[in-house]
Amino acid sequence: MNAAHVKFPPATARLAIIAAAFGIWEFAARRFGDPLFIAPPSRVAVALFQLVHEKEIISAVGLTCWELVVAFVLSIVLGLIIGLIVGLNRFTRGSMYPVILLLYAIPQATILPLFVLTFGIGPASKIAFGVSHGVFPVIMTVAAGVQNIEPLLLTSARSMGATRRQILTSVIFPHMVPSFFTGLRLGMTAVLFGVLLAELYVSQSGVGHFTTEFTQTFQPQNLFALVAVLATIAVTLNELCRWAESHFTRWRVS
Amino acid sequence: MTQATPAIRVEGLTQAYGAESDPRRVVALQNTSLSVARGELVALIGPSGCGKSTLLNLMGGLAAPTSGQVLVDGEMIRTPLPRKIAFVFQESTLFPWRTVLENLKLGMAFQGVPKEERDPRARESLNAVGLSDFADHYPSQLSGGMKQRAQLARALALQTDILLMDEPFAALDEQTRMVLGEDLSVLLARTGKTIVFVTHSLVEAVFLADRVAVLTARPGKIKTIIPVNEPHPRSRSFMTSDKLNALRNQLYELLHDEIRATMALGASAGAAETKSLYTVKEEEK
Amino acid sequence: MTRSRLAERLVQLGFFGAVLVAWEIATTRGHVSALLLPPLGSVYRDFITLLSTGQFWPDLGTTLYELAVAFLIAAVSGTVIGYAVSRSGYSVKVFDPLFAGLYAIPAILLFPLYVLFFGIGPASKIAMGATIAFFPIVLNTIAGLIYVKSLYVTAARSMGASPRQMFWSVMLPAAFPVLLNGLRMGLILAFLSILGSETIASFGGLGHRIVELGENLDTSKMFAYIVFVIIIALLLNSAVSFAESRGRSHPA
């Protein structure tokens, strides 16, 4: 279409767009922004360097990371167990799957106060709330992974004399791996949403405490910096999941 | 066991789906009998949905018949006999998460081959089908023809007396399947296995088989058996010979009425296709 | 067949029955505080009161208003931008990874910033919902439009389709299921994040009401509201599934 123009590699163009967005932000914030509500990127960068030297902030971020990891691990373990129970047996699938779908359709945000009432305002309620988000994608993908196996693969294994155990360990489990990793990625996204929402809702010593403080004391540069740190952590965790997914399912791509 | 005992003997086999009172009951096979001699290569051919694959699955014990029986080496079979019978299926049933070599070894592990024998046997049969260089490739990295050769290698590595093949080349283009057919003829002539295979291709049936069994439209039973009388391995010159052509024409004559009968039945697949075409058209208006 | 169906239903009923029975026992004979878990009877009474007095209307109205505006913004901007990006292979290569990357950032993190910009009223929730809903919609629009089978396009071109006809009669219907999937995900995510952000900081809305009742330790009424919101969510879910099944009425 625009063959006459010189085209940059897509990655370069992408970086240019991101840089331009920061430029506009910087200009607009300095020119029109109220310093009580918005901070230009340059001031955020300065705030970021100051924040990473504050012990309280570091320990708050550490605590949130701890909550994320524990909630994620619990989601995987519970999701794997329940997913296998539901997926491997026709009867449990028929009876329990609709129940799980129904529970999944409940907006957990509405029962957040219950988590706080039950588990207190410490890390436990954030972890529990994170698990309540993360466990469902893992259940669904694990159950789907053991179900949607090509029947001919099972027939073929049976024709070669595979025992029930061999079919489980050599056919069904490996077949489940890709969807399991998809579940991990979706579960991670959900855990992030759950834990961070619970943190923002109420927190004594996690990051939620500081987001509230920075908002109420009008320190947008610190708020932006803290959000940037958390976003970086979230993206890193996401990328780790994605890497694990592609690493353990290399056989899928040619 | 004498030479006279057939390798596979099918006696009065009927396979029906659904209860007798159910109006939707489908009789796939009706009172079919067939005898396959040791070392013989029999092709099953017939119109779509006539029960060819059902017959093959029953021969291999992958399903139990509604009535009748299958005798393998004179003994009744109702469950798979992995030490006697190996399968090659229509689509690739290679496990996609394992390399070609690992697939062969897994098959032998299922069958119960001692661990130390698996690797040499796997490499030997990969060599036989000409896939040695692709031992460490994943199935997704192979072409359709290579996948089917790998499936064949897996079946060969099981070293069974009997090989059952369900349209092994159906997914391939005609040129590939003709060349693979030539290779297969050479390979199978050497192994001396008893082979039954299902095919849609008249040429393939004549080219490979000692006898071609023609099935009727559903409910399927054997209409005729045509002997081919041509020594193995068969060469390229047989592919283009007048003899093969004459047999092919004879088969087509035999099948023609059955195919028409199947189409009149409104074979489920065809009917569904027509229907979906209509629905899409109506929506566009 | 039917007998196992029946058994499955029995297990499901048994599950919910057991939950209710355990609840009843825990509140009547157990030592569970009524502040933590109110008796079933009182939740039921509060729920009936809630429905009969219609006191839920202002909060429901706020939440649905926020959802409608947020979804509208996300749907329009997402499909328009997605369409614009899908026009050239180059812009797809530039923008698709950019949107996918931004989607990986948990958008709920932006909520404190939005409160700062837009205040504590509905505007910050609308911004939140629109941000979260935008990404699945734009990504699915791009994916739907670029994966339209080139065979369809070639066939339509061979029959002389004009660009307009190509878009309305080929591209759009072919991409529709994927587009619809994006809209569905967007709507659900917007609903969840609006409820979530109402719990964090708000003057009104269902999420806010539940949290407020919880903070006042009016647990029984809070449960009644939770049940109400769950019913709303299930209704919303089935409405979306219904719309989706109508939208793709030709057999796949």
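Per-chain numbering from 1; labels A, B and C assigned in written order.
The rule is simple: a residue touches a chain if its C-beta (ideal position, glycine included) is under 8 Å from a C-beta of that chain, and two chains touch if they have at least 3 such contacts.
Model, not experiment: these values are computed from the prediction.
Visitor: Count the C-beta contact pairs for A-B and for A-C, then tell me which is higher.
Guide: More contacting C-beta pairs are found at A-C.
Visitor: Based on mean C-alpha positions, I'd like to know which chain lies farthest from chain C.
Guide: Following the centroid criterion, the farthest chain would be B.
Visitor: Using CA atom averages as chain centres, what separation in Å is found between chain B and chain C?
Guide: Averaging C-alpha atoms per chain gives centres 50 Å apart.
Visitor: Taking each chain's centre as the mean of its CA atoms, how far is chain A from chain B in angstrom?
Guide: Their C-alpha centroids are separated by 48 Å.
Visitor: What's the distance between the Cα centroids of chain A and chain C, rounded to whole Å?
Guide: Comparing mean C-alpha positions, chain C is 18 Å from chain A.
Visitor: Considering only the defined contacts, which chain B positions touch chain A in the complex?
Guide: Going through chain B, the ones touching chain A are 60, 62, 80, 82-83, 85-87, 89, 91, 93, 95-98, 106-107, 109-112, 138-141, 158.
Visitor: Note which residues of chain A are touching chain C in the complex, please.
Guide: Where chain A meets chain C, its residues are 1, 7, 10, 13-14, 17-18, 37-38, 90-91, 94-96, 98-99, 102, 105-114, 116-118, 189, 192-193, 196-197, 200-201, 211-212, 214-215, 220, 223-224, 227, 230-231, 234-235, 238-239.
Visitor: Given the complex with chain B, which residues does chain A contribute to the contact?
Guide: Those in contact with chain B are residues 150, 152-153, 155-163, 166, 170-171, 174-175, 177, 249-254.
Visitor: Name, in rising order, each residue of chain C that touches chain A in their complex.
Guide: 4-5, 7-9, 11-12, 15-16, 35-36, 88, 90, 93-95, 97-98, 101, 104-106, 108-113, 115-117, 191-192, 195-196, 198-200, 206-207, 210-211, 213-215, 219, 222, 225-226, 229-230, 233-234, 237
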